[in-house]
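There are two complexes below, and they share subunit A, which is joined by subunit B in the first and by subunit C in the second.
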Partner chain A sequence: MAAGLAVSVSIAFAAGTQVYNPQTRQWIDYDRTKAYKYYKLHKQVPESFRKQVVKFRTAERPGTIIIDGNQHFLYLVQPGQQAIRYGIGVGRDGFGWAGIVRIGRTAEWPTWTPPSEMVARDTKAAKWANGMPGGPDNPLGARALYLYEGDNDTIYRIHGTPEPWTIGLDVSSGCIRMNNDDIVDLHSRIEVGAKVIVLMQGAALYKGV
Partner chain B sequence: MTARRSFRRLILATTTVMLSVGAHAADLVIAMPNWSSGEATANILKVSLKKEFGLDADAVPMGTLIAFAGLNTGEVDIHPEVWLPNLDNLVKKYVTDAGTVAISPMGVPAWQGICATSVAADKYGIKNISDLSDPKKTASLDTDGDGKGEMWIGAETWSSTTIERIRANSYGYARTMRLLEMPEDVGMAAVDAAEATDRPMVFGCYAPHVVFKLHDIVRLTEPPFDAAKWKIVLPSEDPSSWLSKSSAAVGWDTAHYHIAYANALREKHPEVARFLDRIDFKPEEAIDMSYALQVERQDPYKFAEQWVAKNEDRVNGWAKP
Partner chain C sequence: MSTRPHAVRRPISVVAVGSLAAILSACVSAPPAPEQMSRTKVETAPADLQLLCSDAVAKASGIDTTKILPVSSSKLDSNTYQVEVDASGKKTSCLVDAEGNVKSIQPV
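Then we have the complex of A and B:
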């Protein structure tokens, strides 16, 4: 549901953020126009948002996911004080919450059901009131990881996207979006029950960048 | 530090399932806490007691309250980490009043305060508590664009978190910083993520703690503890005006943790009581113990065997008649 909102808001908002340049160790402004141009030119997102193994010193166990909405990174902790880092897109108003959850279930090419408010105001969404089957145009993308708090679905998901150039921006409405290749990769590496830590900085504070 | 840890440990004490300690043939029973330095110490004692005195000891997981009850009745012989002044009430009950439990005179000093990553200290000049009231410096800690920096001050459930809020108010940085309350794992993962990308971060912290070995962490300097300036009114005491009635613009008082043992041990095994009274772990050693178990996930018993082998002279010194 939260993911569904992403489709409409991504058209209306121009989100600004920053990209980390590992060579210069500097952060550079990154906005919607730059993101779109970059993707058109390179057919991929800037280097810092691509999947990569990074040094990551932590007391968390391998297999734990750490989401840093402010810097638009998702870390999957690996043995040997390393992590696989993926670029993510988050909500225009930030992720909206922080804390410790877990992967409650996962789905491949999930069905997307738009929320009723969206069905009421958007004729495109109305078409899918009973659910849009999974596929390349589906806003949830190739995989969805459903975040649970205890046994309860939080309604938040980590999911793929048909708009890969939006990785690194604050454009969705609370969910974590990743490129389809990345979410397929992450899905293949995690186990249901994996601990997910959502950090509280920046994007998590309802403010966005 | 103490308020927080005491809270956490009291919870542990009430929830940990006590294993049966009466059904085995070991010479001694060591209460084993479920935090990493306590677990390591319990195993170091187990290995040392065998090596020095040929005594078999069982390290049995149990919470602090149950351990003290066991020390009182003689079902438990040793507790490796008793925090003072956190557990002053238990010390009064069992050590002072009942006289059934003894506390080793050697304590490991523990510290609590505000920490900064080295980037925050070196690049943005945040080294003293007063720097948190300088908006030019705290702008570097702003992650949501509202002009205020953000800092994690502890978990919602810790009593120390309330005191950190009082301190922020008293020092004045409550105006320049947004104080965040979240479980410790979230706060520590935020430090990990900040360090991974060279971002500055400031946070509430305590030592011994593995964060000091995981990362290059700077403790902010501040005026030393002064009991006359430490005026804490907790929300439970005055729900509406605890903050305005409180004032604490000084550092935390130092806490210590000690080994405790059943007084009966002085007669049953006087050599063991003497040994325990001499053990002098250092805060850095406690960090190493926590790191080995919590980060490297070493087996506690194997770690203890290596520790005792590496510190053989010292352990022998503790055991000397």
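Then we have the complex of A and C:
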């Protein structure tokens, strides 16, 4: 970990994430470039963003998903005041949101159809305006959990990614991204209808509350 | 006679080095556990503590938990977090300690 983190400190800080370097005993800013170099060197994200079981004191039912957008963690509540914690990537500045929603449906290797606003502002997205088939290069990755407010699709998803090094960063257009192994694991554990609580300090948008 | 000064000096130097080490170790905080080796520049309350505040506000106000959401939080000291909760448009301030004990809730 320390070697990977020491690779680069030259790129300007973009997201608010910091990672601890045990060799220098210092917290360092963790941006997209450092994240990419770390992942290239270690073939995985820093330890705190890897799947693990943690203590989680809550009155929420097991099966509830709680997303801490600020700290870049997704918790799946388990019995016995515990949760499975996964690392996530979230919306960049202006694309963060918070609220209480639910899993409306799920898909394996989903087709990605960019929303019209994204097509308008992103030429790469415009190429796939009619839908990009599922596969390893698809931005939704191996699984997608579609977030609904009541019976309405919020257009936000929890999904996999072909860019696993972006876990821990503020990079998306509002979706919650996980590495493919983690989204496959989460997908296997949740039920359609599960409650999803999204916490994000300073969010521009609130859903379902 | 000639060895006596050394016999005295060595314990003094050992004590001095030991004291220096103790002072330095007191200044350097212990490294975080591996699962806690990430953070954000603005330190928010852990998600479970934020939701314990939501639950406390729900119980006190009678408002359904589906209409209550923590909207901001901060660390007040090493053991206490302040969480601001939005309950159907009404803002409530909650103090919760690191062990999950809600200390107070009051309207903002």
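Structure notes:
Basically, the second predicted complex is superposed on the first by the 159 of 209 C-alpha atoms of A that agree within 3 Å, B and C clash if a C-alpha of one lies under 4 Å from a C-alpha of the other, contacts with A are read in each partner's own complex, and residues count from 1 in each chain.
Just so it is clear, contacts are C-beta pairs under 8 Å (C-beta built on N, C-alpha and C of every residue); 3 or more make two chains touch, one makes a residue touch a chain.
Remember, predicted model here, so these are calculated numbers, not experimental data.
When the shared chain is aligned, subunit C comes close enough to touch A:Gly168, but subunit B does not.
Looking at the shared chain after the overlay, A:Pro136 reaches neither subunit B nor subunit C. The wider contact with subunit A, measured as residues touched, comes from C rather than the other of subunit B and subunit C. When the shared chain is aligned, subunit C comes close enough to touch A:His72, but subunit B does not. In the superposed model, A:Pro46 lies in contact with subunit C only, and not with subunit B. Shared-chain residue A:Gly193: touches no atom of subunit B or subunit C. On subunit A, the surface patch touched by subunit B in one complex and by subunit C in the other comprises residues 20, 25, 54-60, 66, 68, 70-71, 73, 75, 83, 85, 98-100, 197, 199, 201-203, 206, 208-209. Interface of subunit B with subunit A (complex): residues 143-146, 150, 152, 178, 180, 182-183, 185-186, 188-190, 192-193, 195-199, 210, 214-215, 294-295, 297.
In the complex of the two chains, the subunit A residues touching subunit B come out as 20, 25, 54-61, 66, 68, 70-71, 73, 75, 83, 85, 94, 98-100, 197-203, 205-209.
Considering their complex, residues 1, 16-20, 22, 25, 27, 30, 46-49, 52, 54-60, 66, 68, 70-73, 75, 83, 85, 98-100, 168, 197, 199, 201-203, 206, 208-209 of subunit A touch subunit C.
Taken in their complex, subunit C has these residues touching subunit A: 28, 31-32, 34-42, 44, 46-52, 55, 66-73, 86, 100.
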